[in-house]
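Look at the two complexes coming up: chain A is in both, with chain B in one and chain C in the other.
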Partner chain A sequence: MKNIVLKELKELIRDGRFKIASIILLVLLLIATVTGVNQYKKNTEQYSISKTKERNIWETQSEKNPHSAAHYGTYAFKPQFALSLFDYGVTQYTGSSIFLEAHNRNEASFSEASDQTSLARFGTLSINFVLIYLFPLIIILIGYNAYTKEFELKTFTLLKSQSVHPVKLALGKWLATFLPILLLTALVFITTGIILSNLQGVAFFSWMSLSVLFFTYTLYYAVITTLTVLISMWSKSSGVSLVSSLVIWVLFSFITPKIATNFANSNHPYPSKSEFASRIAEDKQKGLDGHNPWSKAAKQLEIETLKEYGVDSISQLPFNYAGYRMQKGEEFEAQVYDKHYSILNDIAVNQNQTYKNLSFISPFVPIRFLSMDIANTSNNLHWKFTQAAEAYRLEKQKFLNYDIKDNMKVGERGYTMGADKFKKLPKFKFTPPLLSEILSENRQNILFIALWLVLPFIGLIMTSKKI
Partner chain B sequence: MFSNNLLYEIKLLTRSKWLLILLVSIAMLFAFATFNGKKNVDKRLNDITVVKKELQKRDSVLVETLKVFEAGKKPDMPYWQKPNEPMTVGYQYPRLAIMKPQELSFLATGQSDMYTHFKSPKVYGNNFALDYSEMVNPVQLLFGNFDLAFVIIYILPLLIITFTYNILSKEKELGTLKLLGAQPIAIMSWLLQKLAIRYVIITLLTWIIVLLTMLLFSVNALAQVTNLIGLFLIIAAYVLFWFVAAFIVNVKINNSSKNALALIGVWLLLVMVIPATINQIGSALYPTPSRLKMINEIRLIKKENEEKQNEIMNDYLRTHPELAQNNDEQRFGFWHNYFASEKVMEEKTKPLLNDYDIQLKKQQHLISTFKYISPAILMQQALNNISGTSEKHYNDYKKQVFEFSVRWRNYLVPMLFKNEKFTLEDYSSMPQFNYENRIKNEVWFNFIALTLISLLLFFVLGSKHLKDKSAKNLFL
Partner chain C sequence: MITTKNLTKTYGDFTAVSNLSFTVNEGEILCLLGANGAGKSTTINMLLNFLDPTSGTAQINGLDVTKNALKTKSLLTYIPENLMLYPTLTAIENLDYFTKLSGKNFNTNNLKSFLSEAGLQNDAHSKRVQNFSKGMRQKVGIALAIAKQAKVLLLDEPTSGLDPKSSNEFINLLTQMKANNVAILMATHDLFRAKEVSTHIGIMRSGVLQNYIETANISLKELETTYLDIMNFQNIS
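Here is the complex of A and B:
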């Protein structure tokens, strides 16, 4: 078997096409890395500048009523995660800043894609782009004629007459196709790791995550290798083998994900933004508005509060009722938002499930999702970030409303809050989920990849015995 | 000789299964893509109907209440809900600015999955910095849609490649090339005739299938004669490009499997690698101005002008203008101050946003000059343009909405300052938004560019072989 692998590899090295293709890919990787590092640095720098500046603006705002400060608001910025250098995921399509103000839960605004031309829809050259789209092509280029060349040169009968074990032959061909790509991939990941560990201001980089990513991609390549060699066994000529492998590749990486988009859209449609907003407005109207003391809900709250404290009028309460009502109103509104955003997230989860369910047609899909998740550039991560920002917004509202409640005298006009107090508001922090969490969320994807790995491989072994 | 060649070609094609496979795959892919595109447009129309209905519902309340007021009654409602106040109408009953899909929008999703198609600019607030993004799962944007544009740009070339990659090399490999050489026709003319026949077949097939699928899913599109002609021409030019590529590869390499690899390589390069690389290098060299930086700058301006605004108006009321005093006299002053304080902010932030916009446009313009490097990019732009889903269309829509918001404000604010009430008569004379597709359809230009590129390639790379009538090197 060793001889088979060595012979194939020797042939490969002598083949000009492999050299040219590898050189082109390495050049592309180089471009992707250099420009990527450049952008990464710039974005990280901008992120930390913006964060500091915004905090400074918050702390040094002029003295004002706490509720006005709540409207003045502040921003939550999404940090750049280390592995976003490797896989941009959906970051281009999600904004990275959320305005946090009173009464409203805002969406992350200003996605990069909405500032770009439609050229961006062709995709962006990143390390992941080369790895997930182009590396499989190298495998096909190496392996499409693994068997067909033996058929065409009539050397297959020779091989058989030399009593080469068919399974060993298959494994040898498989390894010879897989090893070069494994080597290239290892090179890419080690370089990425070295670059990331030497960059300054990198957030949340771990070699462990990178290794898992490496492992994920090699699994994908193993799947593609198996399929390519298998197709080569089945095909009568190299041309047919090549075309069939390429059709499979197009089906995996383009057609299936795109068809999934249309399925997801028609089975789990998103509401339009205005529909979403009007549903929220409708629900909000049913409950407490912190500004409106005359509504039914406000009167109800008043009665309950008076009862709780055993007093007859709000002026007898041990705190400022206006602040208390404002906070209760905020809490009610937050519930409304939470309800509707959860519905929205459920739709997104269902849509993503539609994609993942098509994993049985394409191993590309589970790999794509897993890669984004590990790199912290997925939709899932973005949802966690928006949830964290919302939790922080509520914390901020409480901080401000309770200042009214505890410090403003009843009926006092012109009460203000100053810089010393603004400084006391805790800072927004966001930590991404742990790798173990991410992996356990991706169980289905991992299962599909495992199936893709095992089933065709069994097919390969069985077919090898038959030919 | 041409008629012989034609006859032979037709016989060959009808007897081989290739033509059938090709026909079936083009038909299925086009039908499915058209169906999907239509579905997306239907969703867009459906969303529009929903918001329109909602507006009608609100409007009927408005009309009813106005009738009550005009009957001289005084319903018990707080000031900020009274619809005879122009500001209430301006804020709570804004008009809808709808961007209707074009008849051919189903062709290409373009940017339509990212942006909203309706907006309600209000009488106060930041109408020059509205958010136009639509709610969408970013994963969908990442993977994209299976629409006609995808089939035409990505898949059609692959079908052409399978149809043409071995046109000459096959003869050589079968040993019939020498026989051909003995015929009274130059090999080059024979090859060109053969390619031309296949070109006409594929182009006609594609046209017919496009027409049929439209007939099936979107009959109205057939009325768009000029756009359809544009579409057909641009498809013909794109197909031509791939035939030229096939010709060059056939005469230069002339070995079936190497031909296939070379053509796939060209496809990869033009459809995937070059666009993605341009996109990445372009945004590295000419980055879009940072939005985070812009946020910082706007916040700073707001902070600096806060005091100026405070002098004009209390910050509490500024954030809640609907809570203004009930009293007529105070109200007049209130709105006067409100607009004055808003103006302070607008005057300061607008130049910044404008600068940002100019920078962005410059960047987009620079990037778009790269489109000539790949016919796939040219094709994408042409299809987006025909569909009315390009970024230009959305930028223009934003502009139209802003223009409308100015009209809306100018219609109501004078009423306020003249202390007039909003009446039923005013309701029927309110300004209405009408989206107009003001973007020049550059499909002719794209068509000419694409054809020129193809011809240039044909003559420059193929000239040596075209002159070589005996085609000696083809036999090697």
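Here is the complex of A and C:
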């Protein structure tokens, strides 16, 4: 088999196609890497500055009532994850920070200002774009005539008359198509890994995650290689083989994802922003408002609290009832938000599931999901970040409301909280899921990739024996 | 040694080869003569295991080609009417590739000597074969047979389209191979070359071996008459 691979590679090198295509790809990768690294450095710096500055603002704010401080608010920032350099995922659209204030759960904001320009419609040149869209084209360029050139040159007769097993021949041609792309991919990942491990302020970089991401892409290339060689076996001419492979590439990379998006949107539509906001407002009105002691829900809470502590009036309670009510109101509102955001997340999960179910049409779909999850740039990760930010908001509200409850005397006016106490609020921390968790959550995607790898390969082996 | 016993190939109602039996021993050349569609190439394709026989057997050195495809292929070299090589590789590289596929490994000097033995000029050894004439490519094929130490040579119209000089050179190479105890089966239209080089001649018509002649016992004129009689009979019938 080694001889077949070496001979095929020799022919490939002497044929100008691979040389030219590789040079163009490497130039594109260089541009993508340089711009990506610059953008990454800028974002990391912004994240670091914003986080420090915002915490400083919180800690040095003037003395004020804790509930005023709760309205004054602070921010939770999403870290710039190391592998986002490879795969931007949905980060450019989801935003990177959430304003945390009393009574309200806010959406993430502050995606790049450049997203608002018409240039955003053209997309960006990223390493991921080159890896997922252009590398398969190189595979097609190398392998489309793996067999058809033998048919057209009429060398196949002489080849078949040698004592070489047809499966060995097929594997040799498969390897000769796959190895150049494996080499290029390894070069890209090693280079980027070295860059990332030497960049300052990189968050959550691990060679293991990088290796798994590399493995994920090479699996995709293995699928494309198998299909390309298989099509070449089936085709009568190189032209037919090339066109067929390109049609498959378009179907995988563009048409199926678009169809899947339309299908997912129509089956599981999102509510409009105003509809979503009005449903939350409606539910909030039905329960406790911490600011309003005269509402029906507030009166009910008062009765229950007095009964629980066996006293007749709130002044007899061992704590400040206003702070207590404020916290209960916050907890109720959090439940309302949790309910509606969970519905929203369920829609997102259902959309993703519909999308993933179409993986049997295109291996691009499971690879795309897996890549974004490993790179921590998926919608799944963003949801985890927003949940962590919401949990922190509730923790912050509790910290402030309990300060009122425990320290402010009943009827006291002008109670304030100082910098020494503001500093005691724990800092927001967000840790992405472990690689093992990510892989576990992606079992279905991994299964589809495995099927895409195995089934066409069986087809390749079977067909090789028949030609 | 090449042996066929009642070898038959049919496609539906059409019989391409019918009950063909012959033996080509070491150091013998059997030329199969016949018009297009007589079944000569189908016979060679069955010996190469490119086609499965409908019935009967085909053997190379006593091994059934359908049951020992790879083993029998390692014992033979096949030169088709228009032997094609990889144009971006040199003659040496082409020979190296095909000999390695057959499990043999030679250094460059050995490969050069095989090419020289096959009559390919030295200055052509390291040239890419894209501009090689048919005669030069056939010589690379013969070099492959020499390198593989093939016991059997299967040739399908090898001199068709060759100029007289190249054709003559090729026939001389076959004579050398015969002297080296190679069993050779050659399908051809060329009565003159068949008479010149073969030890036996078989005339086929409509898949049937009509006549099997020991070449030494027949003159060229008699061969021509016999051949035309068989072909004319075909035309009349």
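Keep in mind that, in the parts below, the second predicted complex is superposed on the first by the 458 of 467 C-alpha atoms of A that agree within 3 Å, B and C clash if a C-alpha of one lies under 4 Å from a C-alpha of the other, contacts with A are read in each partner's own complex, and residues count from 1 in each chain.
To be clear about the criterion, a contact is a pair of C-beta atoms (placed from the backbone, for glycine too) under 8 Å apart; a residue touches a chain by one contact, two chains touch by 3 or more.
Keep in mind it's a predicted model, so treat the numbers as computed, not measured.
> When both complexes are superposed, which of chain B and chain C contacts more residues belonging to chain A?
It is B that touches the greater number of chain A residues.
> In the superposed arrangement, which partner chain does A:250 touch: chain B (first), chain C (second), both, or neither?
After superposing on A, A:250 lies in contact with chain B but is clear of chain C.
> Between chain B and chain C, whom does A:434 touch in the aligned arrangement: first, second, both, or neither?
Neither chain B nor chain C is touched by A:434.
> Check the residue A:258 against both partner chains and state whether it touches chain B (first), chain C (second), both, or neither.
In the superposition, A:258 touches chain B alone.
> One more residue to check, A:194. First (chain B), second (chain C), both or neither?
neither
> Go through the superposed model and pick first if A:272 touches only chain B, second if only chain C, both, or neither.
In the superposition, A:272 contacts chain B only.
> After the superposition on A, what does A:32 contact: first (chain B), second (chain C), both or neither?
The answer is first: A:32 touches chain B but not chain C.
> If I apply the document's touch criterion, which positions on chain A are contacted by chain B in one structure and by chain C in the other?
Of chain A, no residue contacts chain B in one complex and chain C in the other.
> So in the complex, which bits of chain B are touching chain A?
36, 39-40, 43, 47, 50-51, 54, 110-111, 114-116, 118, 120, 131-146, 150, 154-155, 158, 162, 166, 256-257, 260-261, 264, 268, 271-273, 275-284, 287-288, 290-293, 295-296, 299-300, 303, 306-307, 310, 315-316, 319-320, 323, 360, 364, 367-368, 370-371, 376-377, 380-381, 384, 390-391
> Tell me, which parts of chain A touch chain B in their complex?
17, 28, 31-32, 35-36, 38-39, 42, 46-47, 49-50, 53-54, 57, 60-62, 64-65, 67-68, 71, 75, 77, 89-90, 92-97, 107, 109-126, 129, 133-134, 137, 141, 145, 238-239, 242-243, 246, 250, 254-255, 257-262, 264-266, 269-276, 278, 291, 344, 347-348, 351-352, 355, 379, 382
> Which stretch or stretches of chain C touch chain A in the complex?
Within the complex, chain C touches chain A at residues 48, 50, 70-71, 73-74, 76-78, 80, 82-89, 93, 97-98, 100-103, 141, 154.
> Under the touch definition given earlier, write down the residues of chain A that touch chain C in their complex.
3-4, 7, 10-11, 14-15, 153-155, 157-165
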